[in-house]
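Going by the order they are written in, the chains are A, B, C and D; count residues from 1 in each one.
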């Protein structure tokens, strides 16, 4: 039986600023990663988004990012492992307090943006993230780029991990995502996107920008929430997966 | 038998900026309130300060403040109760994650600066703080100005509270502290300071700026850590209290 | 001959966050107030907005706000006059550097949100704002609420002032705006809005929430840019004014 | 005739946080670089520091840094040239407004920390800094690491430049400074420090970490203000230079 979790970054609004179609997308995904106030999100938005996720029964994850609101956490910063450790502990705790105070349970952690990418390739940073998760709560699932250092560090720390794949992003030969500012980094043709996911789940393979393909593990698929018509895309991908016989459900569901 | 807890704000450094003589003061106090990153403190400082407190066996509290690093959380801001609720939940969670990840237990919450003062006199804000504490963890003790709305809101929410007194601050007839920018707001004569505390603990009374006196409950005494020779003052107050037959210990100790 | 300037707050986007329909509204207004990075705006947005204003020949103003991005500068903060002075100098300078570096000329200063409201009623803060403007560049025009302390402080400092009126906001008997969270604070019926402006310009009178009316001076009208269909409203107001024989042009135009 | 300018970073306090012995060091240096609020400094500190510099007749420079207060602007961030351009324009403008409002004249610009280091080796960033300076005010002198891309970009932009040398920092074979976290990066032996400067000024040579030496141009020497006894070190270096017949004066002095 094939299955996959659909996750989406949420709670990225900030003060008067609105970002993302959270109320729409939540209908199609099974887990959400909620921004924790460093790269996006604020305490009011966090509370509101936790409630939204609980109403829809989605698994809730912390989505810690770099302390760079102006850059939306997408600009690499030269942080040391102990700095990364501390900011991940901090952000998990902040989000977990909202989940607990609403009567829910925090399920996972997925780093955001540049932190995600840094932890994918730099082992000391990956270990800092994994250690932060383990020490705050070893029951949390660590989401990371499939095949990355972060997944390996999580496993080594004894954490349960979820290997994440991207349907609309191009892959490099080393398994990393093609940087957003390179041509072809983001796929837009909808049929191709769905077909790519189905192949990743059923065959465990993904095409690479250089024309070859790589083996890939797909526990969870990243659904983007900040693009035009994101909810329609989310729905179509979910429907295509289900039509292909792939069960869409959150990780903890048997 | 007379007893009192001595608490001190700590972890108020930020990045390259150092503030407070935490390593010295920790020797004389029984509980610490650790800044949570909004008015002071950063994730690295929070971790370091939690460790310091645990090494010395001090009770650890979260010290949430207004989102105003430039003003050190001392400038009143017109926040709504739901904004106050959310920023207190957030900051408790962030600090608690460090305590838990180091193997400790969060014991209390004490709002900082303008938030402390706002919650002392404005009931809706006091209730927002108390509700935040209760929903994150109803075992936490709520520290507030003795006789304030915050103490009443905490009791009404079913929380255990600790009535805080100040030895070196002047009191107004309504039980609030004299604002720092008024003359006589801060007492500096050491003998007078110690005598005042002893009277508050043993007789339950405090002199007021207008020459009268007020009844006052004293569960915990605020020790300042950011003044010159703060550690010497802390030591002398502790010694004066003990000489007067007052037992200095943290709240949870029988 | 009747005339009025139409001004609009612009450049309120921040990083990945988009706010306002600047490119549309700029077609209908004669002056713009550009956020300076404290309550909204960032250096990239400031540069882009200065260019947009110059392309359309709008008069460019600095729009300094409180250091409260999360609250969009709308939450009153207890700042001292010297703090207000310094943050106004800072923000004018930052914006002026973009104007100068693009070959333009800064024309005016209009405080934002809570700073605007604080300076409207508290004379020491009004004087701090006026003094900041005067010392940075005494040629700048100071925009303030018509009839407010800020206008008086500007005149006393020897500055040229522009008395601002609001077409879609209710007035209190003392000439201040009805707070946004009170019912009836914001008018939405379009015909009433235009008629109100025409009367303010031609007759110098404005209706008050208690049913009376007040004399009012109207040099410039605030056009909101962050509401749905803001550009359509801006166009209709401009057209209604021109149909009524009121010349819409920026202040410096003869 | 040999001459050199002594410059020091100043105004690095922030809110309640004090950093640096500005009032002492100002007596021994001839130019100061004032933090502009991104990596350190706030509007109140900027005003106070500008006044201090003017009282002592020091040349005043803007000291723009990365938007990273928590990291004191020392953590490399992956910024694009247009982002660097905009944040330099912004910060120069903010500082210049204080200088102008106090009746002074801004003389130079020196990037701070990671921005300084990034602009020293990456030409597109160096050009962005130089272009920002040129467009805000082409009379400003651009301070940069001697022999760096920033100096070359400044010259190409038609700016007057000042080649900066460091007396207490080790050099790499390519002319960059040894990173602070490597052993031997910071020299502490006072006699060696003074001798090294004298040789740089008189012979135009500097020893390199690998044992070789490099030619170097020395227009200005960086005096550190945030180390213990910084003022004593500053005084001794100045006296050693003068004893060696090197005239210590600011650049614009004939």
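Throughout what follows, a contact is a pair of C-beta atoms (placed from the backbone, for glycine too) under 8 Å apart; a residue touches a chain by one contact, two chains touch by 3 or more.
These numbers come from a predicted model, not from an experiment.
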item	value
Same-interface partner of B-D, chosen from the options C-D, B-C or A-C, over half of the pairs matching	A-C
Pair with more cross-chain C-beta pairs in contact, given A-D and A-B	A-B
Inter-chain centre distance, chain A versus chain B - centres from mean C-alpha coordinates, in Å	39
Shared interface positions of chain D, touching two or more other chains	42, 70-71
Of all residues in chain C, those that touch chain D in their complex	37, 42-44, 46-47, 82-83, 85-87, 89-98, 100-102, 132, 135-137
Residues of chain D that touch chain A when the two form their complex	67-68, 70-71, 75-79, 114
Touch list for chain D against partner chain B, complex	14-19, 40, 42, 69-72, 226
